[in-house]
Each structure stands twice: as structure tokens, then as C-alpha cells.
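Chain lettering (A, B, C, D, E and F) follows the sequence in which the chains are written, and residue indices restart at 1 in each chain.
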Amino acid sequence: METTAQILELSYALDTFYFLLSGALVMWMAAGFTMLESGMVRSKNTVEILVKNIGLYSIACIMYLLVGYNIMYSDSASSIIPTLSFLVSGDNSVEAVIAGGEDAPYYSDISDFFFQVVFVATAMSIISGAVAERMKLWSFFLFAVVMCAVIYPVQGYWSWGEGFLDDLGYSDYAGSGIVHMAGAAAALAGVLLLGPRKGKYGPDGSINAIPGANMPLATLGVFVLWLGWFGFNGGSELKVSDVESANAVAQVFANTNIAAAGGVVAALLFNRLLLGKADLTMALNGALAGLVSITAGPDTPTMFQALIIGSVGGVIAVLSILGLDRLRIDDPVGAISVHGTAGIFGVLAVLWTNPDATLSGQLIGLGVIFAWVFGVSLAVWALIKLAMGIRISEEEEYGGMDQTECGMEAYPEF
Amino acid sequence: MKLIIAIIKPFKLDDLRDALSKAGVHGLTVTEVKGFGRQKGHTELYRGAEYRVDFLPKLKLEIAVAAEQVDSVVETIQQVANTGKIGDGKIFVLDLLESIRIRTGERGSDAL
Amino acid sequence: METTAQILELSYALDTFYFLLSGALVMWMAAGFTMLESGMVRSKNTVEILVKNIGLYSIACIMYLLVGYNIMYSDSASSIIPTLSFLVSGDNSVEAVIAGGEDAPYYSDISDFFFQVVFVATAMSIISGAVAERMKLWSFFLFAVVMCAVIYPVQGYWSWGEGFLDDLGYSDYAGSGIVHMAGAAAALAGVLLLGPRKGKYGPDGSINAIPGANMPLATLGVFVLWLGWFGFNGGSELKVSDVESANAVAQVFANTNIAAAGGVVAALLFNRLLLGKADLTMALNGALAGLVSITAGPDTPTMFQALIIGSVGGVIAVLSILGLDRLRIDDPVGAISVHGTAGIFGVLAVLWTNPDATLSGQLIGLGVIFAWVFGVSLAVWALIKLAMGIRISEEEEYGGMDQTECGMEAYPEF
Amino acid sequence: METTAQILELSYALDTFYFLLSGALVMWMAAGFTMLESGMVRSKNTVEILVKNIGLYSIACIMYLLVGYNIMYSDSASSIIPTLSFLVSGDNSVEAVIAGGEDAPYYSDISDFFFQVVFVATAMSIISGAVAERMKLWSFFLFAVVMCAVIYPVQGYWSWGEGFLDDLGYSDYAGSGIVHMAGAAAALAGVLLLGPRKGKYGPDGSINAIPGANMPLATLGVFVLWLGWFGFNGGSELKVSDVESANAVAQVFANTNIAAAGGVVAALLFNRLLLGKADLTMALNGALAGLVSITAGPDTPTMFQALIIGSVGGVIAVLSILGLDRLRIDDPVGAISVHGTAGIFGVLAVLWTNPDATLSGQLIGLGVIFAWVFGVSLAVWALIKLAMGIRISEEEEYGGMDQTECGMEAYPEF
Amino acid sequence: MKLIIAIIKPFKLDDLRDALSKAGVHGLTVTEVKGFGRQKGHTELYRGAEYRVDFLPKLKLEIAVAAEQVDSVVETIQQVANTGKIGDGKIFVLDLLESIRIRTGERGSDAL
Amino acid sequence: MKLIIAIIKPFKLDDLRDALSKAGVHGLTVTEVKGFGRQKGHTELYRGAEYRVDFLPKLKLEIAVAAEQVDSVVETIQQVANTGKIGDGKIFVLDLLESIRIRTGERGSDAL
């Protein structure tokens, strides 16, 4: 009896610890997005993107604590409308844990909050890259408040919070759709209202390159994200403390890694064949697209299947980047392609290896999430535009946002 | 006195400085510049969008010399900075009315 | 019987592993300080600050192994004067562990050493930022030897080593005072003897900005520190292997995170209201101040309380930075404010949420630690000044330390 | 009975989790190599080295999955010739695990693959630094395919795969020889065929400095590697779930750390005495050399012994760097010295603290691994040279590889 | 021959180069400079301390031309680089005694 | 009109700009340059290999002034930029044929 209790306590401790470390790795992804984005913008907008990133992460944590988490995991009777409540506290008692059985908690609730909160931040980070170099700082922060408090949590409730998408069989392991495509949808809405950076598209239809200022930082960012993704996907198994869970987590780690590798190689080769050069930024986007693609179902494929999924994702991202440019949708870091297009692909790729997923479930999930996030975001961006504007003036854009928004330079001596 | 301005290929700097020292030049000032001329630039590619880089890195040397040194200095530059390939650069000679050494106030050729 | 032993072994393994990972995360903070500081100095002093940081970490590890650890955790009869002994080796036997009971070791002694050693390095890292751009490299290294061998361990003995501060009820969970304020006190002593950087303060009382050379690196540094802090605070629970410990560790992770987030948002808003701009470096310092503030007691507050503590810490750091500049105390990275002022606040903030802490205990603790570290440091800095000087010549300062101390440039091509 | 099974499951989970986290830390080393190398080359070759690094990591993962892992851990009857098979999948069943006993699997096979695959990438990363700034990108990638699919796995089979080197008692805990010296041997072969960078050695025998473009990045790279090494060495114990294993892992962490610290301090002091300056790049190489030196046996020394081993390794690396330059072997980042020379020293240093190691075993191991890797690599490099060339043209070298190979600049605005 | 020095706003470079090409200019040299003049700088703020940035980024173009080209080139610059806002810059004309193409040794207008 | 070119030590810029403003100079253009002269450079050391840095960072100021201002401006520069130590720099005076303000098309001294 006491032995059983001790084992239950130990399991609880291991699963909690696993959760916390996974969450810490996902938190680390915030640094990845920051470095990636600060490397891909021009130096005159670098301080601003740094402020935006550390600010949005902080806002995400606060808003999700205040209301978002409760919305997402509310005990609402309705599978569509969650209930509203505030703040999170308290944790499981020893008694509840050692009671054992199906319903006994097997990890700390606070560790669950910690793991969930960093996911919101990820979704929000996706947006900052797409609207970079032209969106007002404080308008962006305002949107972050709404996104993290309401927009993201509501659709999170529908799927992971046991709402109607869950009931309809939508299968999205760690959130290719729920996190990545959702972030991309909000970004797309913002970008459409915002317009492209000045000079990106010529009046004659030409597409101009606006090279990012610091490629090593962008590369570092991708490595950080790659590492963080082990927490993102690995932690989403939600349990590690028995043989089957441990095997599953191992499979997820290995698949996550190989999908990213496939994305890199596929993007590099594809770019080389199509355009003749080994484009670093495409390789970086390829890695991320591989990661996003596998995220909806990293547990069911074999490593070889994961390799294929990641590779296809890498190619899709490259095509999407080229395509969006043709549509004059300006996304300085490729966030919409990497998280949106590859995210959609990822959700559909689940059908290949997971017999439990259904085409209708996946399509409805994608449609609902996109419609909700895109629609509400568009409305919120529009309201903010009305209230305080979302775009900096042409002169500010020319001089750089660092000067006007932050009053300092990123590299004052160079 | 004359002011000689030379636009050269960057990798020629060290050789040229040595040669000029031997030719009696005690000082010069170098600026990193971008040159546009007959020499073609190259095309770069960033995320699928091509762009031409027409301005090539060059160095500009400014050398104040006494009138009698002009010919030998020009000669030296022309020989040492020459690779025979397009884009080797130019030498321009301007008249220099006065020159002053800040430290001492010396004027004219003494200041060089 | 055998089952119990196995469970004890497994617990021991989990706690040891948890310790080691926490320690690795704290080691990673050394990279954070390095990046932060190398971003906040001018490019001509960048190589030197890099050498200083990797050098001080190494010296800290060596000196703490040779004597520091034994001083800090000595079995002295006196609660004031520790005994001296050298080196650390050996570990717990299986028998001792499976004996079980109150006194049985429940994690590896070597893992404890590893966890402790990286804390000294943290304290030392704090100092390098404050004295940057003007202190002689080898004088600094000499101070590091004394700090890590003696100054830090002695006060560590008084509190964490079960000395008299512990007896007096001084409560400082992971070291807002013992590590951060201690580091800041030593830094303050150094800065007072050293004087400000040339050009920082005009003869007319003006305060001149000396912008750091590389803002993305500084931001990266803060993210690294933020991640490392999960090890710093999370590991300080010293145990994870039962439900209560696991819950406590989870609470610590979540509180650490939200305090940092609060620090960022508070510093950003405060700076924006006070000075009109979204100052990145203040946001970065805000994050760190939030982290330092929660460090003295990350286990007792709710997340909302932690948010408040972190936010207040962020504002305090901004005020302290502005205030120290008015006092002409030149601290290029804000280390004294972030670790010292916010550290003091953190120790006092424990009183809010931890009923076991007493005002007198906290004040005495702060007073004793400050007096000891500041006093002895002042003496040591003064001795070094006499012996070999602590400040580089004016000409060297003008030309940059990289040239004279290290003979190379950080960014030779730019 | 059920309790025993639960304990076995929990142990299995802990060991698997430990393996996965160790592997994630080793994956992170790829970022370290990338930053180190991108900081140590000139800015005109920076994009290319970034592509090389993210590409080689990806290729390593893919090739090792396709064939390498099976070669290295094949069930061949011959202790010299492994058998060939493809892909990896499947994992241990719950039954096999809870059967218990000597032969029962105690961690996930897939986690083992994940841990092993990142080691290959490390070996390959070593090479990219040594051949930097002059080797054709796609020739390098071709070599990476062969190295990761065959060259590395075959010698891995001989030692860790229970082949004849294992039988002969070659003792190399985490791979000072098997990974680091092997990588350095392949690098040396490449460098010999490739020749030095233009301008590195004057016709008069002078050795010219070619300073790296970004010292903070190089330093960041070393910190990343240092952190990652806790996974590299710490994970190589292969088990953490009982007291002895946990103690061993703790010892490994502490020794790894102190060896690196010793390497830094020794290299700094040595360089200071020999050349008068505190050379940052030598300190960085010293850290890595300390890490490489301890890698062959981080479990048997006391911390003090580890300190000595690391320090000697640091000095050896400095001497080796100076020596190779005299031999006109151009290695921009010092990879051959740090991983090769210090790797050899590390394998021999095992004799000092590990009574099970024999001089003959260590020498034969070193000889066989070097002969195999160097020989086959030389042949492969030569074949690639014949087929497509390995060196870029002089003009391309002058203009920088970023332009010709990648078509973009690393820092376009500076 | 004359040496024309033009200080312009950076974003005018591409337009100006195209216009000058059409006006028969085959080469020019560009330098990044900082200009101080009537155009006001801006104030930056670093950790609470304000500081003025008085020097604004400008580009300096140096163009050696034959005497008869001077007017049209000056005209072109004045038109294309003009935004009508303060800080548009200056054109200076200096006398050029000699000019030599390093590659060939050609002299005078042939060297341009 | 004359064009005054001054090579100075970088840390003198702020003082000099203030002094020149007082002396009636309303504009000037600054370039970061590397100077080679009597002032010795220093030796750096990278991975055991020594190399001399002979080129020292200097600033080049270009100031177009009306003929009557030349003396006072030269005087000001010589006084303010002077430290008495080697490497203080040079002042060169060239003849300026014409000067045009791009914004307005004004010519001659009015354009300065």
C-alpha cells in the first residue's frame, strides 16, 4: 500500500518534472523567434523587433494567467462557448494523487499551466515576424492582449479543452493547426490590413529583395527553435512515466528531429534546383516548416515517414514563400508560409499515419480554426486601426522604427 | 602641391602602401568606397527575389604631395595597382592650394 | 524490502538528475551574462568582456572546488567561522541511500557540488558587468579568485551552510540576497574605487549616454538568463521526487516566469510613461529585476502575487538605474540596480507571502551580507589597486581594452 | 509483482527521458559549432558556413537513419565487417521491459537512436570548421553523406558496437577518439588535399593572421558546446536510474565542467606568458580542448584529476595550433588541434585514472581509428576532387563564398 | 575636366545612378558620409540619458567628367536628388588637372 | 570659395563642430577614414600570429567655405584639433569652382 503510494508519488514527480522541462524548452523558443526575426529585418528596425518579442512573450504569460487558461480549459457545459473565470492557483493534494486510478491527477496542475502558457507565446511570436518593419509597437501589443486572452484560448477550448472540435475527431497532437496555423491566420489578417513594406513591390510588378541584416542571428534562432521543439512536441505526450509513454516520447523526439532535417535538405535542394543557389534563409524556413509539418502528429509515423513529411513540408514552405510574394503579401520572415501553409499540410499529413484521424475531422478543424482566428483577428486589427492606427508613417518607415518607437539603435557603432 | 586621389581594388592596398613608402610618400588617407563603372557587379538572390549589386567595393586613397613628386607617385600607383583587368580604378590629380599640419602649424610641403 | 530499496534508489536518481539539469541550466546563465554584457559595452571593449566572462566562470569553478565549497558547507562548531578544508570527492554509498529515513542522503553529493558551484559563478558574473570597459583584466581575475574562494562562501556558510543567519531565521530561498545582492555589493565596492568611464558624466553634471554596441546580443543574453533561472530557482527546492516537492518546483517555475514577465511589462510601461520611449535595455533590465525579486521566495506566492512582485521589481530597477546615474555611479549594464536594489526588494518581499519570514530576520540578513561582502570587497579591491592597479590608463580606455589587453578586435571587419 | 513491474516501467521511463534530454543537449551542440565557426571566419564566408552547418547536421541525421545506425550497431558475426541493413523502427514492448533481469531493455531503442544520431553530427561538425572559407559547399555535403553513412559508423561498430576494438579493451567513454579524433582525422585529410586559404602563409614563410569576423558569436558557440557537452558525456553513462549510475552521471557532469574550466585558465595563462596577450580565441579553444580531453574518461577521475586533465588539454591545444601553423596546415577554427590532438591526449589520459584501460588497448584504438578514418577520408576527398573539385576558384575565394555559393551576404548593411 | 562632388540623401542613389547613366556618365564613386547642416538631427534615449544625433547619413558621389559635361551632370543631379525638403544636399565642382585609368594608362577624358 | 579638407582624430569631432559653428560654419560633411602617416599603429595578435595595424581611424571633414572664411576656419581647426601629439592630422585647402544647393538651386556662397 505505502509502496504503491510511493510509486504514484514518484510517477507524479517524474511527469511533473518532464512537463516543466518541456515547458522551459518551449519558453526558449521565444528566444528563437526573437533571434530569427532580429536577423531577418533591417538593422534600423532591430531594436523594435527585440522589444516586440520580449514584450509579447511577457504579455502572453500575463494575459493567459489572468483569463486565457481558464477559457481554454473551462468546465463549460457548452462545447462552443467557454466560461470565463480568472487566475490560476492551487495544486493537487497528495491524497488525490495516491488515490490512484483513472481520474487521479498524475502531474502538477501548475506545471500544466506552465506548459500551456508558453504555447500561447509561440502562437503570438509567429505574428510579430510577419508584421515586422512597419507595424506600430503599441498597436501590436494591444492585439497581443486580445489574442492571448481570448482569440487563441477560445479555439484552444474547442480542440484541446474538450470542446466541439475534439468531439468531431479533429486530431492535432501538438498544434500544427491550433498553435501554428492559428498564429499564421492572425498574422495574415494583420498583414492584409497593413500592406507591404515600402519598396518591397515595384509599381511594375517587380519583387524586390530586402535582405535581413544579420544571418548568423537568424540561423541561431532556428537552432533555438529546433531545440525548443523537443519540448513543444515531446511534452505534448503529457506523460512519460511508463513504458508506452516513454516510447511515445522517444518516437516524438526522433520524428521531430528527422522532420526538421528533411525540411532543411528538401528546401536546400529544391532552391538549388529552382534558383541555382543554396539560399540560407530558405534552408532555415525549411527546417521550421519540417517542424511545423510533423507537429500535428509526431507520434504515429515511423522515422522514415516523418522524414518524408518534413521534406514535403520544406518544399511547400519554399513554394508558399514564392507564391505569397507573387500575391504581394509581404511577410519578412516567411511566418505565414512556414506556420500557416506548412501547418495546414501538417494537419492533413496526420491522415497518412494515424488511422484514428478522419479527413472530415481534419478539414473541419482547419476550417473552423482558420475562420475563427482570421475573422476575429481581422476585426480586432481593424478596430485598433481605427482607434490608434496600425502602421507607422512613411517617414518613420524610412528612418527606421528603432528611432521613433525606441529611441535607440541596435548597432550604433557600425 | 597636388592632391592625388586614387580609386583602387581593395586587395592592392598593402602592396601599394609599401611601394609608395619607397617612393617617398610619408602619409595618406584611405576611405572605403563603392565604385560604379565598366566593371560589372553581380546578382544576389534573397528568398527568391534577385537583385543586382552594381556597386563594387573599392578603396579611395588621398595623397597630398609636393608638385615635383606627382609624376613618380602617379607612376607608382599605376604600376602597382594594375592587374590588367577591368575595374582597376582611376587616378585623379587636383591642385592643392595649401596644406597645414595640425600638430605644428607647419604649412606647405613641410606639412606633408 | 527490496522494493523499498528500489524506490529509494529511483528517487535518489530522479533527484540527482533534477539537480544536475538544474545546475546545467544555471551554468548556461554564464552564457547569458556574457551575451548581455558583450552587447552592452562598446565594440572596442567587447573581446575583453568576453575573456572576462569565460575566465571568471572558470576561475569560479576552480576556486570553489579547491576551497569555497568546503568553507560554505563546513562542519564548523562555530556558526560564524567556518573551517577550512580542500577539494571535494566521494559520494554516497548505495547502503546509506537505501537505509532510508530522515538522515539518508537522497541525492548525489557531487550533484550538489555541481549545483552550488554554478551559483558562485553567477555572483561573480554580476560584478564583471558593473566594472566593464575600464577595469584591468588581470586585476579582475585576481579579485575573482578571492571572491569565489572566500568572500562568497563565508556568507554562504552563514545562511545556507546552517550558520548564524540561518539560525536567526533569514529566509532567502534561492539567493536574492546571498547571490544577487552579494554580487552587487562586491560590484559596488569595485565601482566606487574605479570611478566612472571617461565621458560618462560631463563636468557640468550632464549624464551622457554610452550606447552598447549590439542590442540583439544583449537581448539574447536576457533570454538565456531567463531560461537558466528555471534551474536557479527550480533547483533550489532541492527535491522533486514526491508530490509536494513536485508541486513546489512547478510553482517555482511558474512564479519565476511570471515575475520576469511582470518585470518586462512594468519596466516598459514605466519607461514609456516617464521618458516617452520603449527603451529595450530597460525592458531587459526589467526582466532580470523581476527574476531577482522573486528569487528570495518563489515558492510561497501565488502566480498573481509573483506577478506583482516581479512588476514592482521591474520599476524599482528602472528607478535605481536612473538614480545611480544621478549619483555618478557608473554601471554600464545596470548590474547593481538589477541584482542589488531589486535583490534587497526581493528579500523583503518574502515577508508578504511567507509567514515564516520575519522582518528582523530579513533585515539582519541583508545587513550582514551587505556589510561583509561590501567591506571585504572594498579592502580586496583596494589592495589590488595598491599592488597592481585596477584601472587601465586613459589612453588605453580611449583606444579600447581589446587592443591592449587582448590584442584583437571583436568585429575586425566592420 | 505488479509493484516490481511498475518500478521497472518507471526506471525505464526515467532512463529514456534522461537519454532524450541528453540527446537534445547534444543536438544543441550543432548550434554551438555553427556559432563558433560563423564567428571565426570572415564575413564574406559566413552565410556559406551557416548553410554548411545546418545542412551537415540534417544530412548526418538522415544518413545515419538510412544506414549508419544499423552499421554501427549491427548483429554481425564478424567483429570487423558489420552487416548492412536499412532504417530503424519499432521499440521495446512492455512485456520485455517488465520481464526484468539482465537482458531486459531498460530504455527506449528509439531514444538510443536519437542519442547516437547527434553524435555523428558532432563528428561531422568538426570537419566543417577546418575546411572553412575555401571548400566547395556541395563537395562538402557529398563527403558528409559518406562520412555519416559509412566512415564513422564502421569504426563506431568496432568500438561501441562491440567489434574488435571493444574486444581489445579500447576504453573511450564518450568518444574522445571515436567521435572527436575521428572527426579531426577526416578534417585533416580534407585540409591536406585542400591547401591553406590564400594569404594565410606568405611566400617568405610568414604566418598571417586572418581574424574572424565576430568574436561574441564564437564565444557564444563555446558556451553552447559547453552546455551541450553535459549531454554528450552525461548521457554516455547510458543509465541514471539507480544510485551508482546517478552518482556516476553526477561525477561526469562535474568533471566535464571542471575540465573545461581548467582548459580555459590554462590556455589563457599559457598564452599570456608565451605571447603576452589574453587571446580570446585560445581561451575558447582551451575550453573545448579541456572538454575533449575529459571525454574519453569522465567517470573515473576525481574532480581534481579532471581539472588537471582539462588544463593539460588546454595547453596541448594551444601548442598544437601554433605547431600546425608552422607546418602550414591551415585550420581556421583550430578544429584539428582541439578535437584531434586533445582527443589523442584524452584517450591516453584514461590510463591515469582508469585501471581497466591498458596502454596497448588505447594505442591500438587510436591507431586503428585514425588509420581508418584518415585513410578512407583521403580516398573519398580525392574522388570528390576528381569528380567535381573540392576547392573554389581563386576569384571566388577573393570575393567570398557567400556570393558564389549562396548568393547573399551575412551582414549586408555593415 | 572637372570633379563633381555631390552630397545627397541616401535613398536617391538608385534613381540618380540611372539618370546619370542616361546623361552619359560611365563611372562614379560613392562614399557613406555623415552630414551636418541646417537639417536637424534627432534625439535618442539610452537608459534614461538623452543624446542628440546631429550627423545624418548622406551619400557622397564623386564624378569626374569632361568639362563640357559639367552643366548637364549638375543639372541632372539637381533635378533627381531634389525632394524640396531641407537636407537635400550640395553639389561642389572642382577643377581636375589630370585623370588616369590605372588599367590602361589612358589619360584625360579618355580615362573616364 | 574653397573646399577645406581636414583629417582629425575622431574624439575631437564634437568640440570641433561646436567651434566651427561659432566660427560661422553652417554645414560640413564627415567621413570615417583610415590614416597612414608618422603616427605608429599597433600590433595585434590572433591565434599566435602577429599583425601590424598601420592604418589608424581618423575622421575626414569636408567644409566648403567662402574665400574670406578660409583663414578663420583653418585657424579654428588647427587650434581645436590640436593635441600636440603625433597623428593630429592635416588640413588641405582646395579651390572650389562652384557650389549648388540641391534643394533650391542656389549657387555660390549662398549655397553653403
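One rule holds in what follows: a contact is a pair of C-beta atoms (placed from the backbone, for glycine too) under 8 Å apart; a residue touches a chain by one contact, two chains touch by 3 or more.
Keep in mind that this is a model prediction, so the values were computed, not measured.
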| item | value |
| --- | --- |
| Contact-graph distance - origin chain B, target chain D | 1 |
| Those chains which touch chain F and also touch chain E | B, C |
| Pair of chains joined by more contacts [C-beta pairs], B-E or C-E | B-E |
| Inter-chain centre distance, chain A versus chain C - centres from mean C-alpha coordinates, in Å | 32 |
| Whole-Å gap between the CA centroids of chain A and chain F | 53 |
| Computed distance of Cα centres, chain F from chain C, in Å | 47 |
| Multi-partner residues of chain C (each touching 2 or more other chains) | 3, 7, 10, 14, 21, 211, 214, 220, 276-277, 279, 281, 407-409, 411, 414 |
| Multi-partner residues of chain B (at least 2 other chains) | 31, 44-46, 94-95 |
| Pairs of chains satisfying the touch condition | A-B, A-C, A-D, A-E, B-D, B-E, B-F, C-D, C-E, C-F, D-F, E-F |
| Touch list for chain E against partner chain C, complex | 44-51 |
| Of all residues in chain F, those that touch chain B in their complex | 2, 5-8, 31-38, 54-55, 58, 60, 74, 77-78, 81-95 |
| Complex contact set, residues of chain A against chain E | 398-399, 403, 407-409 |
| Of chain E, residues touching chain A in the complex | 11, 42-46 |
| Chain B residues within the chain F interface of the complex | 3, 17, 26-31, 62, 64, 94-103, 105, 111-112 |
